[in-house]
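Common to both upcoming complexes is chain A, partnered first by chain B, then by chain C.
On to the complex of A and B.
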């Protein structure tokens, strides 16, 4: 829609929409070009920094031989399982904390003290308990996703105007049903913003955990190529992760725009343009 | 028999700096089918009184009976319309009006019938699928009223229901409310700060003092409204009563806290 002013400017000949949305890729293109030029001019040692074109070629090679497909599938499985489990747990705990002083008193200090703990530091411990593989990887992701979702749910529910709960009660909504009939939908915008943060964490933590606690996965792939000094391939694996994570974030934002189409504060759902 | 009996009601808000009395010794009987307005300076506790009646907050003493039973919480016998509408923003107009009926456990078929009728009554045909954010203030208020009327509560509690509307919309909404009350004869308790609105709609107007709120004066509104809004508002009786109420409220705005005594001396 846009304001009157925006529409007037638009009518006076602003660049077309495709150009505007394309403009956000300009900094990325610039950075990639700079990368290519620096390597091509020999300003850095090619052995330690592969060029952009070498990286793309390595990625293409790994896509063709199935290395990326297989490991990406495993990593996505771990990342998304962790995200889904962590989000549901986080929503539950957040709801509980926001509606019960006792739960708040119990979980509050735990959340506050573990919030800034780097979850990747727990991986060695998890290896000890659960060995190398899916359990350790997924558990790490769950823990990382849990906290932002708890905090977002808690604040979202706390911010629900009391009159919404009151009118629900006046219309005969039983106490427990207020939770999922009123509090959950009213806090949905905030909750999904928490899930979006968790989404970025889930990729970070999957890759970190796989580097030391897995036999498969993109993280392991990156680690092995790094160890062997095949840096173009290492960068190729990283590039695959970046592309997938970016696409996942765009998909979530699109879903949020649809789910929250009723929300006045929809414009708060932005992308990192 | 009185529908609502409020006796010696007190409300104290606790704060870090100490207790703040909000309502002191409120006594009010409201008859079946009566339309009563509560008016007073802002912050006098009139909304608090309504929220206690609705069962959303508890009183700190005194009693409040509805149909002979003490109020212990919200109930579908008392429908409330809030100043800020309090529509569920994630539900469409249709779904908002359906909500209360769904809670009562009515079948989809029956609900559809009632909701269709109400949508027509409040002039919202064509907006059934819209979300509240897509509606103007007047339309939101009509949805809020329709949603409350849908499950047919005996008592309507109105918290400055037209406060946020422009004067044109406000007048037409008042006329709609008046028609509705004449037709259904529900018991109505309306909180407002608009003297004209109170006198135009109510059978009785109760004036409250500045915080801590107490009832300082009551006016029976014996105005013939049969001739429509213009004739009513321009009539001598209406003008006289409105002026009396206006002066009474004005005295409260100017009076020191707990100015009941002074008001009695002024002769009410």
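On to the complex of A and C.
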């Protein structure tokens, strides 16, 4: 009796991994079903909330005619190149600040005062200087990604136990090697946490900048469909954004797990999975 | 890095004078990179490297700031933006704390909310602006709800982590003494995760301000963000600079206030946060 079920569930009795991780998303399926049902039952005005199936159909249509592919590619190019430039600059400045009091004194106040400035506010200024397009967009993303990475690198390096540095020095490690072989690896968990924050910023800023002024991009696409009242398409574009942002975050977390597989404090690093 | 060096406490009037002098000195040392930046900006202007349309001179911006301050072009929109940001933040805190506590106490709530939170957390919420305009108009309501939507998830996560981190033995002791479930929440768990909630508020305050300003820039409907876009459309670059300055100062002031508050309310949090 029940061999099929047993075989499905697995010999040890515990459900297999794919089933476990699949079961985790049951609430999402329920929420999407609820969305479909309340629209189909006419509980909400269809003009204001297209149903799930209409949204998926619109998304599929936009994927087929290449609208999503083109605009998503443009947006991802802006977001990710901004993220990469911002992260490397941020790691460099953060390292500099953590190892030199003079650099700390110079960059510290700049970081503290500009941290809570909405970087999107610079978009109108950048449009004046560089015109509408990739430069304005990427520059905004770079500035937004820079700060969390600086702060994370700074705190990460500052938190490295001095014993590690002393031991390395005592064993005759030269200065630059201390940086590469001790400080950077020890701070990597913290740095990557900063990059994860920057990843979410890079999407927010790309889309904000595109909605403020752009000719292409997924943010612009959503905005235009919204203005024209093609709401199923607006929701479809948004659905693409949600999926891409979630996938990017998952990919980064997986990469962090791989890169930091030697690190005991890994679980505190990727605290919310 | 964010804390300015504290001046030594004095006891007499001479001490007070010394304290002020020390504060002034600390401030100058602290602010020199900013001053340098402003000087560089003014130099570029004086040397004719840029056109005023692209980069107005420092005195022009200061003059414009004063004019707008007197005419109420700063205070009115700023009040509107702050109202939107903090109304949204208040909603987010109320709902976020409730959901976070609920998730920590009920397996069902955790099962139901966890995947939704983990999908919604990395979503760029600003992309929902067109939908919020559609549902709630272009006035304050759509901005308040967008701010709430953006801030509620970090608040859920902060509260949940705080509540889950409450020591088992504390909960068991309370249970052993016959504490009811509702009392457990109010008297044991909520106070114990207060530092986490406060830390969540501190993290989400700039997010709330940024979201409100950005939503105003995209959707219009008054506030500092909408003013900035309006000024840019008419190439009033000095007004653009004034509005950016207003946003910068606002963010900095609120961050400083929250830092002070934290030192006052939960001095042990600083250590906990570093871990």
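In this text, the second predicted complex is superposed on the first by the 252 of 273 C-alpha atoms of A that agree within 3 Å, B and C clash if a C-alpha of one lies under 4 Å from a C-alpha of the other, contacts with A are read in each partner's own complex, and residues count from 1 in each chain.
In this text, a contact is a pair of C-beta atoms (placed from the backbone, for glycine too) under 8 Å apart; a residue touches a chain by one contact, two chains touch by 3 or more.
Quick caveat: nothing in here was measured; it's all calculated off a predicted structure.
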Inset, instruction - Classify the contacts of A:164 with the two partner chains as first (chain B alone), second (chain C alone), both, or neither. - result: first
Inset, instruction - Mind working out whether A:122 is in touch with chain B, chain C, both or neither, as first, second, both or neither? - result: second
Inset, instruction - Scan A:37 for contacts with chain B and chain C and give back first, second, both or neither. - result: neither
Inset, instruction - State whether chain B or chain C is in contact with more residues of chain A in the superposed arrangement. - result: C
Legend entry - Which superposed partner A:173 touches (first chain B, second chain C, both, neither): first
Inset, instruction - Check whether A:261 is in contact with chain B, with chain C, with both or with neither, and answer first, second, both or neither. - result: first
Inset, instruction - May I ask you to decide whether A:186 touches chain B, chain C, both, or neither, giving the answer as first, second, both or neither? - result: first
Inset, instruction - Mind listing the chain A positions that touch chain C in their complex? - result: 24-28, 31, 48, 97, 104-118, 120-125, 127-129, 151, 154-155, 159, 199-200, 203-204, 206-208, 211-212, 218-219, 222-223, 225-227, 231, 234-235, 238, 241-242, 245-246, 248-249, 268, 271-273
Legend entry - Residue ranges of chain A touching chain B (in the complex, touch as defined): 161-164, 166-173, 182, 185-186, 188, 261-264
Inset, instruction - Within their complex, state which residues of chain C touch chain A. - result: 1-2, 29-34, 37, 53-54, 111-119, 121-131, 133-135, 157, 161, 205-206, 209-210, 213-214, 217-218, 225, 228-229, 231-232, 235, 237, 240-241, 243-244, 247-248, 250-252, 254-255, 274-275
Inset, instruction - Spell out the part of chain B that touches chain A in their complex, as residue ranges. - result: 51, 54-56, 73-76, 78-80, 82, 84, 86, 88-91, 99-100, 103-104, 131-133, 147, 151
